[in-house]
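Take a look at the structures listed below.
You will see two complexes here that share chain A, one where it goes with chain B and one where it goes with chain C.
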Partner chain A sequence: MTESSVNKLLNGDSCRRTSNGLKTSKNGFVKNHCLLQQPHKYRRPRDKNPNVPHNPSLYKKPFVESFEETPLMVAVLTYMGYGILTIFGYLRDFLRQWNIEKRHIARERDEQKDFVPLYQDFENFYNRNLYIRIRDNWNRPVCSVPGPKMDLIERSTPNYNWTFEYTGRVLKDVLNLGSYNYLGFAENKGPCADAAIEATQAYGVGVGSTRCEMGNLDIHEELEQLVARFLGVESSMAFGMGFATNSMNIPALTGKGCLILSDELNHASLVLGARLSSSTIRVFKHNNMQSLEKLLRDAIVHGQPRTHRPWKKILIVVEGIYSMEGSIVRLPEIIALKKHYKAYLYLDEAHSIGALGPNGKGVVDYFGLDPKDVDIMMGTFTKSFGAAGGYIGGKKELIDYLRCHSHSAVYATSMSPPVAQQIITSMKIIMGEDGTTLGADRLRQLHENTTYFRRKLHDMGLIIYGNEDSPVIPMMLYMPAKIGAFGRQMLKKNIGIVGVGFPATPIIESRARFCVSAAHTREMLNTALDAINEVGDLLQLKYSRRERPLPSLGWMSDESLLKD
Partner chain B sequence: MNFKNLREYLAWLYYQYLLITGIYVLEPWEKSIFNSILFSVIAMVIYTSYVFVPIHVRLALEFFTRMFGGQPESTMTLMT
Partner chain C sequence: YTIIIYLSYPIYLSIMRGVLSSIMASGQQWVLVEMVQAFYEAPAYHLILEGILILWIIRLLFSKTYKLHETYKLTENEKEDLIEEWQPEPLVPTLSKDHPSLSYDIVTGSPSHKIIINGKECINFASFNFLGLLDNERVKQKALSSLKKYGVGTCGPRGFYGTFDVHLELESRLANFMQTEEAIIYSYGFATIASAIPAYSKRGDIIFVDEAACFSIQKGLQASRSFIKYFKHNDMKDLERLLKEQDLEDQKNPRKARVTRKFIVVEGLFINTADICPLPELVKLKYKYKVRIFLEESMSFGVLGEHGRGVTEHFGVNIDDIDLISANMENAVATVGGFCCGRSFVIDHQRLSGQGYCFSASLPPMLAAAAIEALNIMEEDPGNRSFFNDCLNVALCLCDRIPGLRLEGEPFAPALHLQLEKSSGSREADMKLLRSIIDYCLNRNVALTLARYLEKEERFLPTPSIRVVVTVQQTEEEIQKAVSCIVEAASVLLQ
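Showing the complex of A and B:
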C-alpha cells in the first residue's frame, strides 16, 4: 500500500477489498501485505527505538524519541550489585529464621503454624531486604500544598527504616520535582480555590450517595457538559476516582468473546480492568505499530481461540503519555490501523490531558487529529487540573450506556462538589473562557520549561528517556544503591525527587522521574539543574555516550536563544 | 569536582566502591563483613601470585627456549 492510500484511509474513505479477501497460506501463516511496512535494512543496535516513524506523512511535526541503550559495563555492575545484596538478604533471613535477630515483619502466631501460611515469606524477599533499606526516600509526609515548593516533615529512624519517628523539624520550601502538577493548579489561593470554597459553602463536602441514586448534583451535569466541550466529543461522564474509572468501565465495555490488545507498559488500572472483564488479552510491544498490526491481522484471520468464530469486538488500549518512559503514543498510525481493521480505540490520557497540545487538549490536539476518531477518550483530573477523579468521553449512546452499566456509576459515591468546582474553574481557565490569558500563559510556560529542562539534562550527559515534548522526564540510575543515594543527596540540597525501582520498572533500569510544572520558574529550574549536575558528578551518573556540545563556546551556545 | 587533598579523593573513591557494589544500603556490621571477606580474598591472591608467579614464568620461559632452541637439556637442571 502506498502512503497516499494510507492518507485516504485517515480521511475516512473505505478501502476497496480484493475479490478473494485475505487467505492464509498452507501453513496457516498470513502473507505480509501489511499497512505499515517495516524497512528491512540492518539497524545498528545503538538506540532501542529508532526515532524515525515509518509513515512520516502522517505526522505534521517531527516525532523525536530516544531510549539510549544501557552501557554494558553498567549492566554487569548492576547485576553484580543485586547479586551481593541478594546474598546478604539470605544471610539476614537466616538470622531472622533462627531468632538470632529480632523480626519486624508480620508473621503468624505459634498456634497457627500448622495451618496454610498466611504470609508467604519468600515472596516478600525483595521488599524486606532491598526496599526497606532505602525506604526513607518514599512516603515522605508533605505538610503543605504540593505546589512548586512544599514542606516536608523530617523523619529519623532508630532501626534502619523499619520504624520512623518525627524529629520535630519541618523542612521548608523543598523544591518539588515529583508532583504531577503540570499546569500549576495545585495551589491554595487564586480563582480555583475561591470557587471551591463557594461550592463547599453551597453544597457541603460529602455527597452521600451514588450517581444513580441521589448523588447526581447539578454541578456534575455542568462539569460533564464542560468536559465534553473541552474534548470536542458529544458527551462525557465524570467519576470520583481515576483508577476506578479504568478498572470499572472496561468490564462494562467488553466481555467474554471480545479481544483487548493492550500495550506492554500499560498502567495497573488498565490491566486490572482488562482482567476483570474476562476478555482475551494480547499484549503488543511498547509503541510498536508492526507488532500491533501483526496481532490485529492474526486476530481477524484466526478468530477466537478454539471455535474460530469472529471476535465480537476488538479494543486497542493505549495511553497518551506513558509515565515511566516519558514516551508519547503514535496516535496517527494507530488511528490509521483502527480504521483499516475496524477495531475500537480506548485512549487513556491521564498524563497528557492539559499537558500536551497547543490548546492543552491532550494528545489528539498535539497531533492535530479529530477527536471523533477515538472511540473512548478517558482521562483523569488529578494531574493537570489539580483535583481528583476521572472522566470518559465519547458518543452519546456510549455514555448513556455507561451511565447505567458502569460499576463505578452504580455503586461508587459521586465526586465531591468542591473538587468538581475546582475542575470547572481550572478547565475554564485553560480554555480561556474566564477572560484572561492565564491558561495560554501556563501552557506556554510548561512547554518552555519542558524544552529547557530536557535540553539541559541531555547536554549534561545524563541518560534521559522519552519524547522531547513530554513533561515527564525519567533519568536513568541503574544501580540499586544509587536510587537511595540520589534521593538522599537531593534532599540534602532541599530538592524532592521520586526514585523508581524494581516492580515498576525492569530490574536493571531503575530511574528517577522528574515532572516539570508550569509553576516552576526559570530560577527554580536552574537551582535544580545545578544540584543535579553536582550530584551527578558525585555519584558518577553521566553514562551517556552521545556527543555533547563543548561548554567553552559561550558566545555560540544556545543559551541566548532560550532566554525570554 | 575539586578535591582539596588526597584524603577527600580517597573518601570519594570509597564512596564509589560502596555505590557500585551496592554495599551502601547495608548496615555497618554487614559492610564490615563484606569488606573483610573481600580484603582477605585480595590478600590471598596477592600472596599466591608473589610466591608462585616467578617460578611459573621461569618454567614457561625455559620450556619455550627448549622448544625453539633444540639444545638437549636434562630434566634435572630444569627442576633445580
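Showing the complex of A and C:
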C-alpha cells in the first residue's frame, strides 16, 4: 500500500511511530563501557513503573514521567472495536458500490475517468469509514481570540458528517483546552496587540521578498538579536513558519554521509527535514537513552553501511516536549551522550519554549543546563508567544552559515512585520524587560495550573501520560469511538478539547489532549475538571489501576471547591 | 576431521551393519545378539574413545554454523578506541568573511513602492509587490480590525481550534475568484506546492517536470519520492518524447501502469526565467497521454488574464482541465501564505494529507483578512490590463537598449531578468559584476536585486541575473529613470 492518507488521519501533530525500533538484542550491549549506567535490558517505554531516570546524578530535581500500561481488557476491547468498524466499513463500501447507500464523497470528473485513479481506493478506507464519523471533533471553526475562552461557530450535519452546515448560531465562551496558548499571549488587547497594531501601521502586513533579496527588515534584525539574548546563544535567525524551520534547515546542516538519529515520536516536520536532507536516518525509541547510546556506538564503530567509511557527522534530533505524549526530553543524559560521542544536537522546542523552566526559556532552563551545549536550538513562536513562525539559535558560525544556505532565507518570503512585533513584545514581557512582573506571573501561573490540573486528573483515576511539569496533558481514551463521544460530551458542557487517534498515536492509544494555559483561572480549571469527572464516569474512562490517594481533608476541601 | 572420521569408522561400520542386517533380515535375532556380544568383548578404552567421538560428532552437528565475520568482532577496547578516534566534520563549514549573503541589505520601514535600503530611500524595483497592495490603506485597515478581534497568532493547527471563520471565508473567496470548486490555504507560500505534490504523488509514481521549475517545486518532488523526469524548459517536443517513452513502457507492463499515477508539474510564469508555459499544448498532451497537470502560479496569479486569474485565463484554458493550481499570496496579494485550488475531488485530499496544512499552525487571521481585502480590491478594479501594459512598457524600454545586458523573459512578465550578454567565465565574477550594477543603481535611488539561488542545491542552476520587478505604482518617469540608470551603470561598468 502506498503511503496513505490514513497516515495522517485524525490529524495530529506528531505522527510517527515506527515499528522498526530496535529489538531488545539478546547479547546486550556493552555494559562497562557505556556512558550511562544501564539496566540489562531496554526499559520498555510503556513500563508499569514510572520512568525513573537512568542516571539520576545528572538531574537536579526529580524527573517524574509516567506512562501507565494499557489495561489488557481495554486493549482487547479496543481491537474488537476496530474489528467491528472494519467489518461495517467493508459492508458499507459494498452498499455504496451498488448505490444502495448514497455516496457523498466528491468524484472524479467524467473526462478523466480513464486516467489512473488519483487515490488508491483502499487509501481512504479509514477516512471514509472511521474518521468521517467523528470528524465533527476537529476543525471546529473559531470566531474569536483563541484565549482561555473562545467562541465557536455552531455546525450541524444532515448526513453524518459528510458535509457541514453552519446554523448561524455561535457557541459563546467555550472553555479552551485545545490551543497551545501556554502563556496566554493569544490576546487582542494589551501591550502585544498594541505593538502589533503599530507595526501594521508602520510596515503593512506583507514583505514581498526573501531575506536574501529585499525582505530583510530592521524589525527582523531586532527580533533576531532579542531571540539570541533570550536563549542565551550567540546568534539566531527567525523564519516565517515553524514547520518550514525544521523542514528547510535540517537539509542545510546535514547531507549525504551524515547520520541523523531521530526520536521515534519526532514531529512530521523534523521527519520531513531529515528526509529532504538525504542523510541516513536511524530512529531510537522514544526518550530511551540506551537505545540512543547503542545507535551512537554502532554508528561510530561500524561507520556507514556497505562502504564502512566513518560518518561525516552525527546529528541527534529531539524535541523538548513531545506534544502527543506530554513527555520531556531527557536532556541532561542526551547532552552527556552527545559530548562523549561527539555528536551534534538539534533540539526542537516547539512546545517547550516559554512553557518550561523558571524563566520560560525552555528545557535547557528547566534542567538548569548551559544553552551552549545544545548545538542547534530550534523553536516556534506559534505557541507560547501567540504569533507564528520559528527560529534557530546557536553559535555565530552556524547562524551565518544558515543565512547563506537555509532554503528559507533564499527562497521563502520573510516574516510578516506585525507577527515579528508580537514576538518581540511578548518575549520582552517574559524576560521582564517591560519593567513589570507580568511575565514571571504568567510563568508561575502556568506551572501552578499544570500541577493542579494534572494532580486532579490523576486523582480522579484517569490515565494521564507524560511528565508532571508538562502543560500538555494527554488523557487516555483508548477506544476510537470514545474520541468522538468525549469530544461531543465536553462540547455540550461548553468545553473544547482535542482528541487524537491513530495514526498520530498507536492504534489502541487514542487520547484526549488538554493544553493548560497561564490564562486559565482556577475557576475555569475546576469547571473543566468537574465536566471531565462527569463525562469520565459516563464513558467509563477511569481506567487507572493505581492506588488513588484517600480522600484526605485537604482533598475534600478541594473537592468542595470542585462542586462550586 | 579426517582423524575423527577415521577413528569413528569402526563404530560406524558396526552400527551400519546392525541397522542393515536388522532391516534385511528381520527376525534374524542373532545379528543383534552378535552385536551386543561384540560390545561386551571390546576393550574399555575403545568404547570410551568411541563414546567421546560420538559426542563430538553430535556437537559438531548441532553447534552453530561457523561465521566468518565473527572472528573480526571488535573487542570493547577496540570499540572505545574507535570512538575516541572518530572526529566528526564541523557542524557547518566555515564561510569566507566576504560571502555575499552574509551582509543582508537592511530595509527600514515598509518595503513598498518607496523603500529605504541601508538608510537610502529608493524606488522599489525588487519586491514582488506587483499590485502595490503592500501598503494599501484598505488592506491595512482590514488587517487591523482583524487583529483587534482575533489577536495575532492562532495557537494551533487547523485541526485543533486553528480554523477561524476568516480562513473559511478566504478559502471560499479564493475558490470564487479562481472559479474553482474549492481552495485550501497554507500558512507559508513556500510550503504550499512543496506539500501539495507529495500529497498526491507517492513512491513509484512519475512526475514530468520542467527543468526551470522553482525551488519549492523541487523540494516537493524530493519529498514525494516519485520518479522525476525533467524535460527541457518549455520544450513540448521533449515532453512528448518522454511521455511516449513512458507510454511504451506502460504497454509492456500494463499491470504496473494501472496504478502508476503520472503528473506534469510546471509553473505558469517561471520565476527563474520569466517565461510563460505553453498551457494549451500541455492540456492537449494531458488528455493524449492521460497525465494530470499541476500548475504553480505564484508569479502569474493576480497578474495575467483579464481578472488576474493567471495563466488559464491568459490562454483561455478551462480551469477544470488543470488538476491543481497553487500560488502564494506573498506576491500580488501582498500578505503571507499560499493556496491551492481546483476541483473538490482533488483539493479536499490535502486536508488530511498536505503536511504543511495538517502539521503547521494556521495562518494568522489578520494575514488572511488582509488577503480577503486584497481580493476585494482585485475584483473591484481588475486594472490588470493597464498593469499588463506597464510591464510591456518596461520590457520595451529595457530591450535592446542596454549595452552588455540581455533581457530574459516574456515582455508581459512582471519580474524580468537581466543577464550578462557575455559571461566573464566564472559565476562568482558575473555575480560581482551584476552586484556592482545594482550598487550603482542603489546609489541613484533605484532598488534592484540579484536573483539569489542556492548554487549547490538547485537541480539546474539558472544564469546569474538582476531581477527587475514591475509594479502598478511605478510611474512613467520612475520607469524611465530606472532604465536610464541601468543603461548608465551598464555602460560605465561593463565596458
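The rule we apply is simple: the second predicted complex is superposed on the first by the 499 of 564 C-alpha atoms of A that agree within 3 Å, B and C clash if a C-alpha of one lies under 4 Å from a C-alpha of the other, contacts with A are read in each partner's own complex, and residues count from 1 in each chain.
The definition used in the following text is that contacts are C-beta pairs under 8 Å (C-beta built on N, C-alpha and C of every residue); 3 or more make two chains touch, one makes a residue touch a chain.
What you see is a predicted model; the values in this text were computed from it and never measured.
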item: Partner chain(s) touched by A:398 [first = chain B, second = chain C, both, neither]; value: second
item: Which superposed partner A:380 touches (first chain B, second chain C, both, neither); value: second
item: Touched partner set for A:77, first chain B, second chain C, both or neither; value: first
item: Contacts of A:141 with chain B and chain C, given as first, second, both or neither; value: second
item: Partner chain in contact with A:176 - chain B first, chain C second, else both or neither; value: second
item: Touched partner set for A:66, first chain B, second chain C, both or neither; value: neither
item: Which superposed partner A:481 touches (first chain B, second chain C, both, neither); value: first
item: Chain B or chain C, by number of chain A residues touched; value: C
item: Partner chain in contact with A:540 - chain B first, chain C second, else both or neither; value: first
item: Contact residues of chain A, present in both the chain B and the chain C interface; value: none
item: In the complex with chain B, residue positions of chain A that touch it; value: 77, 80-82, 84-85, 88, 91, 130, 133-134, 160, 479-482, 484-485, 537-540
item: Complex contact set, residues of chain C against chain A; value: 74, 76, 79-80, 82-83, 86-95, 99, 101-102, 104-112, 115, 117, 124, 126-129, 133-136, 139-140, 143-144, 147-165, 167-168, 181, 187-191, 200, 202-204, 214-216, 219, 222-223, 257-262, 287, 290-292, 320, 323, 328, 330-331, 333-336, 343-346, 348-349, 351-353, 355-356, 358-361, 363-364, 366-367, 370, 447, 449-454, 457, 467
item: Chain B residues within the chain A interface of the complex; value: 1, 12, 15-16, 18-27, 30, 34
